[in-house]
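Below are two complexes that have chain A in common, paired first with chain B and then with chain C.
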Partner chain A sequence: MDLSLLLSQLFNGINLGLLYVLMATGLTIIMGTMGVVNFSHGILFTFGAYFAFSIAAKFGFWAALVLAPVLVGGIGMVIEMGLVQRVYGKDPLYSLLLTFGLAMSLEEVVRIVWGTTGLPFSPPDFLNSFVDLKIMFYPLYRLAVFGVILLLIAALWFFLERTTMGKIVRAGIQDSVMVGILGVNTKALFTLVFGLGAFLAGLAGVLSAPMSGIMPTMGDNVVMPSFIVIILGGVGSFYGSVIGGLLLGIIVAMCIQFVPAVAELSMYLVMAIVLLVRPRGLFGEEGLFE
Partner chain B sequence: MMWTGKDLLRIGGAALLFALLPAVLPRVGSSIPVGTEIMIWGIFATGYNILLGGTGILSFGHAAFFGLSGYATGLLLLKANLPLSAAIPAAVTMAFLAAFLIGALIIRKRGIYFAMLTIAFGQMFYFIASQWNSVTGGQDGLTGFKRTEFLGVDIRPEVNFFYLVFAFFLLTMLLVRGLMNSSIGKTLVAIRENIHRAEFLGIDVKKYQHFAFVVSATFSGLAGSLYVLLLNFAFPELLNWKTSGDAVLMSVIGGMRAFFGPLVGAGVFVFLRDMISTLTPHWALPLGAIFVTFVLFFQKGILGFFERGKEG
Partner chain C sequence: MKDEKGTKVSRRNFLKLSGATAAGAAGLLTGGLSGLTVCPREVFAKDELKVGILDPYSGPYADSGREQTNGALIAVDEFNKKGGVLGMLVTTVQEDDATNPGTSVQKGKKLIDEVGVKYIVGGVSSATGLAVSALCQEKKVIYMSVGCHSDDITVGDKAHRHTFRPTCSNTMLARATASYIADKFGKKWYFITSDYSWGHTGRDAFKKVLAGKGGKVAGEDLTPLGTTDYSSFLLKVRNARPDVLIVSLYGNDLVSCVKQFNQFGMRKEMQIGGPLNGLEMARVIGKDSNVGYWGMPWDITVDTKGSRDFTGKYKGKYGKVPSWRAYLGYVGMQQLLAGIERAKSPEVKKVIPALEGFAFDGLKANKSYWRDWDHQSIQDTYCGRAKSGAEVKHEDDLFEIVAMKKGDEVAHTRAENPVKLEAL
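Then we have the complex of A and B:
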């Protein structure tokens, strides 16, 4: 077997996995804190990519990289304050259907504004080259994506583990009612968490745009793997989504290269196996959703 | 007695209404297949609601059983040349078996975690349908088969097929009502209302939940088989989790705590979709907004809204 092929596919897998991590982390903290399965997460990802497309055309890539996720985060907070907030404390069914209907509408908005066909999106010129890694050439853009996401994961880790606000978020995942009783303004906390999740989805959308192009249904392709990552890692677990995301990305990339027929099926097989062996996922804690 | 007089009266009334549709629909600018489609979604949603409204379990994966049975029907006609009277039961049995196995694997999970698992397993089937080109036709879907006759009756004309679906529809309404009236149905409702109390009473909760999952999926299978015959076409989107979402929406829009809720929801869904799509190609935008409105302001659905305070 060709070593450089194996290695470049491993890199691609990590790349894909890191995108899953961004998506799944947002989903899992929203799910853990508010008990909401956010079906609009995929469309937020799509929005990130399309915003980046429009912003990059006018102000360049850097502006797009910063502004698009912030905009998507803002939209997330508006969605939370205007809609999702109204169904807290009710059957989780309602928040799920709410975001489902919302995603349906918003996907159509994308079609109306940007058209139904895909749009090209190339990496910025200064990143649009290949790097000589001695045993292989690898796209510089993908390496830059590594860097950005790893930095962001580190920042997230710092936020969740080392800051007071992060501690409150983690406590909210454990028991948001108790956090409210202890005097935290949970209303603001929820808006913040939803906005953070949306921001991460938007960023994932921006970063993936130059790698896979943009189209209205692009969110669907990452939402399902993200759900699986959460199932693999355990609901509400940050480490779980990181490890689960990387694991899934690598498995999928390897299958694409060596057994393409089962590339997508492999995700579900891994999920089924993990569920049989560890019903709560790799890092799931007792009590959440049982 | 499996049905009360009132049940029979109401189901009979609904049946009468639907029986007249082939005469009415073409006169009001609609067509017979629209009525057929409403009944098929009615079978899907009414059966599905045994699980959602009846037992209190949310599944986002029932499209998998709907589509699995649909593809199976097409394949059995195409490759095995079976008569429909054998193909439909065989296809529905496949949906039943798939639900039994998947249910056994995931029924111990609760709430939204369970819902997520149903999506994931459902998508597995969607993926298989869209990728296994040599068998399913891949993204292009499965074509080349036609419904011809059922037990000697020519079902090619739309009106004849309408009445075949009508027979299955009536059967479904009677079976589901009968089930929910039976002691099993009462047990399911008890589990929905208070799962811990049901456990303390010695009820094997997981067994009943599994049962509800499998039975509802079997009706999904029946609906899927009929739907594919209506179109003479099977395509991957039948199995997509969004199709499951449609069934959930129908139940909620109509009212998941009312027996006729899912049927009303199915009617409203098909009507709205057809109406809006004649006005604009972007029908998903207003349709999604209508769903959001329902979830925010009419959580008990249309029937629940009119029967305020009454549950059952």
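Then we have the complex of A and C:
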């Protein structure tokens, strides 16, 4: 076995996994805090990519990288205030159906606004080359994606662990009713959490656009793995989605290398095994979403 | 209970009677309603010819489906401008097959049983095409399998008497393209294949040409339809160091794969190619990443009067140049309607013999014809080179035809195709 091949597959798995981490973190804090299974997360990812396309055409890649996720975050807040808010406290089925329907409607909006055809999107020129890592060549853009996501994960960690606001969010995941009783404006907190989740999904969309192209259905392919990640990591757990995402990405990449026939299936196998051994997922805590 | 005449109506009989009346009324009503849906057909039978169009407008091949329908509508316009077909106005009923075999059969049944069409035109995915082909054979409806390239549509026991294929088969595309690639770039090939009928027959056709030239398979992988991340597969390919990577992928799958092939800098290390590529995909791949040698049923650069006229009409109606999908929709619909005219009857039993063996202007240098024993349209088949970077002069200047084969040189021979079409 060629070491460079193994290493490049490992890099690739981490690359894929980090995108899952971004998606899953948003999903998991929304699910943990509000008990909402957000199926519109995939379309928010798609919106990130399309906004990036439109913004990059006028103001360049950097503007797109910053503005597109913020816009998606804004859309997330609007969705929360206008629609999702109405189903809090009801059976999770309501939020599931609502967000699923929303995802389908918004996908049609994407088709109406940007067309049914996919759109071309390339990495900025200075990132469109390779790095010689001595044992292998790796696309610079993908390394940059590593950097951006790792920075963001660090920032998220800081926010959740070291700031008052983050503590409130974590407390909300533990018991949002109690947080309300203690005098926190949970309504605003929920909107903020939904917006943060949407922002992360939008950012994942922007980052993956230059890698796989932009098309109306691009969100569908990341939603399912992201749900698996939070089941793996444990609902509501930030560390769980980081570890779960990386694990899933690496497993899929390695399966493609060694047993391609089960690459697609491997995610579900891993999920089944983890659920058998640890029914709450790797970092799941008792009492959450149960 | 007594009525005016004094006859006794028992409660039991009353209930019976009212029940029967209600049922009768309901029967009349539904009879009347279904009569209403039948009525236009019966009454206007002399002035209207309904054709079902069944293309994907959603799912991974949605763009191609839209193009095919657009092309087909140009042919409908042409006939209607001349006064229709056999004096009847041609109208179409469009349905979305969603690139899904189950949906395609459901929508096909709707067109046949509810709308009452006798002809269905369309299809991009061969998985849907094969399903609709079987349905149409059962229902005795003509199916123009416009854009399905899997060999199976006209080869072997899945080919049917009621199905005609206006486009090239995978084997035709591979024979036109693969030998060119093998002679020019080397004979060690790696295959990435979409895991369904079209992908499989495409790969097999390329492999056969490769084996005939004494080449070697460096490795192969199957990917599910709808895969977006090919990077791990591409790393395997790079490690196997083939001369050429043959990708039997289409639509969004092809776009993602070619984009990532560029990202990993592999175009400096090997050549890439496959059974199909076209404008609607090359535009998304982007001119900087557009690379490789591909099978193509047609291209805007085919320099014949027919092609120029068609391109002009299409631009006039839709404001953009047609892809070869639009060309296929056009030719499929045009040849169906011309067949009905020749048959002098809209009856399916008469139209099929009018199509079989008929030679027509397929807008190419050599005439095309419907081969009577397998219903394959035998036609010129092209190998196109994808243009990139500075050589792209305008947004539609993305391919150059580098090789052309006559249909009879590349299609299955009778000995190669064990097909036996059903009796009419």
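Some notes on this structure:
Keep in mind that, in the parts below, the second predicted complex is superposed on the first by the 290 of 290 C-alpha atoms of A that agree within 3 Å, B and C clash if a C-alpha of one lies under 4 Å from a C-alpha of the other, contacts with A are read in each partner's own complex, and residues count from 1 in each chain.
Convention: contacts are C-beta pairs under 8 Å (C-beta built on N, C-alpha and C of every residue); 3 or more make two chains touch, one makes a residue touch a chain.
Since this is a predicted model, take the numbers as computed values, not measurements.
Residue contacts after overlaying the shared chain place A:L102 against chain B, while chain C stays out of touching range. By the touch criterion stated above, A:N12 is placed in contact with chain C alone, chain B being left untouched. When the two complexes are overlaid on their common chain A, residue A:Q174 makes contact with neither chain B nor chain C. By the touch criterion stated above, A:V87 is placed in contact with chain B alone, chain C being left untouched. Look at A:E264: by the touch rule set out above, it reaches both chain B and chain C.
Of the two partner chains placed by superposition, A:S54 touches none, neither chain B nor chain C. Once chain A of one complex is fitted onto chain A of the other, the partner contacts of A:P279 are limited to chain B, with no touch recorded for chain C. Of the two partner chains placed around the shared chain by superposition, chain B is the only one that A:I112 touches, whereas chain C remains out of contact. In the superposition on chain A, the residues of chain A touched by chain B in one structure and by chain C in the other are 261, 264. Those residues of chain C that touch chain A in the complex are listed here as 57, 59-60, 62-63, 66, 221-222, 224, 226-229, 231-233, 235-236, 239, 252, 255-256, 259-260, 263-265, 280, 283-286, 288-289.
The touching residues of chain B, counted against chain A in their complex, run 52, 58, 60, 105-106, 108-113, 115-117, 119-121, 123-124, 127-128, 131, 241, 245, 248-249, 252, 282-292, 294-296, 299.
Taken together, the chain A residues at the contact with chain B in this complex read 31, 35, 37, 39, 83, 86-87, 90, 92-94, 96-98, 100-109, 111-112, 224, 227-228, 230-231, 235, 261, 264-265, 268, 271-272, 275-276, 279, 288-290. Considering their complex, residues 2, 4-5, 8-9, 12-13, 15-16, 116-123, 130, 137, 139, 141-142, 211-213, 215, 217-218, 220-221, 252-253, 256-257, 260-261, 263-264 of chain A touch chain C.
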